[in-house]
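Input: structures, listed below.
Here come two complexes built around subunit A, the first alongside subunit B, the second alongside subunit C.
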Partner chain A sequence: MTEYTKSLYSLWNKSEDIMGAHIVEFFSGYRVNQRVWDVGGSQTSGTATIGLDDSINGGVKLATGTTSGSTAILDMNQTCQFGRTSSIIFVSIHSHGADGESYSGLSNGTSGGSASPQITSYVNTGWRSSNFDLYTYGGGAGTWTSGTISGLTSKHAHKLEAKESVANSYVDGVLNCSSTTTLPDDHMQPQFTINNNSATNKTLNITYCEAWET
Partner chain B sequence: MKKYSSVYEHLNGGFTKVMKQRFVDEFSGATLDVSKWRSHGSGGTVLIDQDVIDGGLKIISATNAEKRIDFASANNSTEMIRPFNRQGCVLIAVMKLQQAQYAIMHTSLTDSWYTEGASYVKSLVQGQTNGNSGDNKFRLISGEFTNIDTDQTGLYDFHNHKLECKTSTTELSIDGILKATGAGVPDNAVMPTFAVAPSEGTVTAHGNITYMEVYNT
Partner chain C sequence: MALQSTAYELMHGSFKNRPMKSRMVEYFVGPLPNIAESDSDLGAFKAHATNGSGGAYAMTDSGLRVRSGTGSNINKLDAHYNRMFNPHGCVYESVAQLTYDLSINQGMGDDPVNDMPQHCYCMAGYSGWQSDDMANHIEFQTQSATAPARGYTKVATGIRSSLNPFHTKIEMLGFGQTLSINGVLGAEISQFNQSVSSYNYPHVMRTNGVYPMIEFKHSYTPPTTARDGYVSYIEAYNV
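Up next is the complex of A and B:
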């Protein structure tokens, strides 16, 4: 054990491993780290905002505001260092149990939404259930896979892993659902998107994000 | 020997636990990370102690004012980020008082950028002053309970300070040993700080910090 206790590297890797891209973000401090995350004007529309939250376990808050159709996107401005076989863990909570739409996970592109290569946790009770669905996009098509775990307004630890032939969604360590179709076919970045379909403020708070090549 | 592939799983013993807010800064690099910190106080300097082994961040105060870093904007109470639970959080800081006389260094969990108006708990290192009872002491300080002096020695060495706010008490451990328990916690959600200040006279206080970690329990 002694051999491995002095470095972070050896926590994650065997000594013969060459570690791929890996990012750890706690979303703590005075403001969002803009060296890493893009929170510029193009990341929000309508009344949406992005910023660290002055509340216990607040992390970063994406808020739509009260104008219907407002969108907030937090990503790395298309710095896509994670290949199509990558994993992401994030801890998040939605403010609402109904309406609104969010994609959280790994995605290519800066526009958010469903038309880019991605593996994301999808929430939209308007036409899906109140569970955390898995959305994958690759080869020019996308697939929504029904999740089995609910609890939008509780904080959960999500893990999404994209492998060669399967994509898995875990919630709090439990397998939520899997997909073997339309797996991501391009490199990706962490991306969190929320949009509003009513005049009610919808928020998504994220207190942790970690992504890595698998 | 590899156990987990993620930091998350190492910190939480696996993936079934929902981790709470956490903050880490190693104070390495060319400059203070201004996405994490803002500095306050008239005069003085805040800079990475470059080209010094284990230098970390160095703060030097002016001769008449505290110099500190925290999660607040300019001296403005409406722009603070306080994500930590006053009744369930831990702060760990590795820090060293450099100035030999008339200087104070502390790390704290506080609800305000403004010291006098804040509710806080502090791990404070006080150098020699002019007969103050806290002279040459490591102390647990708060407006919520009577200040407690500890028996910790090595005033001008690096030490690992750990403040833990529990439901109704605050514990100070230094280098892994419990040194003091205060009968109170801050009044509101808190943010971390690191600061140095002259206690009296016309000196510039000087302290270094090489690591800080804060997390909700």
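Up next is the complex of A and C:
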């Protein structure tokens, strides 16, 4: 039998499966692909900015600027093509080891924050630890699950899985934590947000994002 | 359904490896060029006329066509100061095609100006460009602005240019740089071949990042005819 070059479809899926939504984004080149990504619009506030970063492995940079309470939000402007059981991989790094607040993962809604269906990696050392927590919201309530892996200012590959009865957070291939409560109950989009909570510029760089229906 | 594999794993192997570094992939498909011809435009690449004027961009059955002006002319596409790639550890790959009387210089650089300060690129020309020694064959050139400034290092590959689409692979690594054409290693610039020629010595690349670029160069003394070049794929990634 002749061997053919393989399709991405066949590498990603079994032939009997119908592939759901899938996105692969490298955040490189001259400009963020704004046919796909909303780089802020009305959701990004204060002095926050979003743009590709002129540095090695820079990716896209979300920066709050120095006005307290500024928030940068990168998402698909509420085009939620990923069901409540979806997964996301992203490679990211924070500029700061303390304070600031970020949600990174899959979420419904354009406002960021904790009041929307989501599965996100949560960072806020102001009231949580310096580990990567898992935040899930569904059924009108949210749960912060304590992570076991730290390293906000190092680059990590995160993987979040929202399954029927459990949500998992992996960091660099290691299970960070899991939650079985308040699992997301609505369609979602990839979303990355950062708020400085102070008059200090806080940044979040993302060099890779892949999301798909689980 | 569960995925058999993610794109991340296909490109990078296990999640337990260090996190994947920056990558850029452009397929040059569809009806509209994914390039920015002005600062206000969006696109994966920024278009520049670094010498002369003119140049037109259009999608064709062969990918993106870059049509020169009718005078001496260089049109360049690059990521324009988003320098995410490590000059000591990155790879550039492309599929491009030139036509008679036009040459293509491509690889990694760090500035949009003509004769950019730091670059590592493949130079392929086909006839017509008699003022330069690369006509009808492919050369490999590096330059670094790092002191001591040494100008260009240029190595002939011995691989002849053709008018067919060709695959270029440039590896910028710690020991030096290599160029392969259609899977054949054509040239290496490194400390290991320093003695080959006084014209061939390694450059220590700066630590500043570089970005993918491709330029379409009409002859220095051209006929008054526009020439076409094509590009259908560019990928760059840090290793």
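Please note the rule applied: the second predicted complex is superposed on the first by the 207 of 214 C-alpha atoms of A that agree within 3 Å, B and C clash if a C-alpha of one lies under 4 Å from a C-alpha of the other, contacts with A are read in each partner's own complex, and residues count from 1 in each chain.
In this text, contacts are C-beta pairs under 8 Å (C-beta built on N, C-alpha and C of every residue); 3 or more make two chains touch, one makes a residue touch a chain.
Note that the structure is a prediction, hence the values are computed from the model and not measured.
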item: Superposed partners subunit B and subunit C on subunit A - clash or fit; value: clash
item: First, second, both or neither for A:Asn131, with subunit B first and subunit C second; value: neither
item: Touched partner set for A:Thr64, first subunit B, second subunit C, both or neither; value: neither
item: First (subunit B), second (subunit C), both or neither touched by A:Asn108; value: neither
item: Partner chain(s) touched by A:Gln34 [first = subunit B, second = subunit C, both, neither]; value: both
item: Residues of subunit A at both interfaces, subunit B in one complex, subunit C in the other; value: 8, 11-14, 17, 24, 26-35, 52-59, 87, 89, 91, 155-157, 159, 170, 172-174, 207-208, 210, 212, 214
item: Interfacial residue positions of subunit A with respect to subunit C in the complex; value: 8, 11-14, 17-18, 20, 24, 26-35, 52-59, 87, 89, 91, 155-157, 159, 170, 172-174, 207-208, 210, 212-214
item: Interfacial residue positions of subunit B with respect to subunit A in the complex; value: 1-8, 10, 14-24, 33-38, 71-73, 80-85, 189, 214, 216
item: Complex contact set, residues of subunit A against subunit B; value: 1, 3-4, 8, 10-14, 17, 24, 26-35, 52-59, 87, 89, 91, 155-157, 159, 170, 172-174, 207-208, 210, 212, 214
item: Residue ranges of subunit C in contact with subunit A within the complex; value: 1-8, 10, 14-26, 35-36, 41-46, 78-86, 209, 236, 238
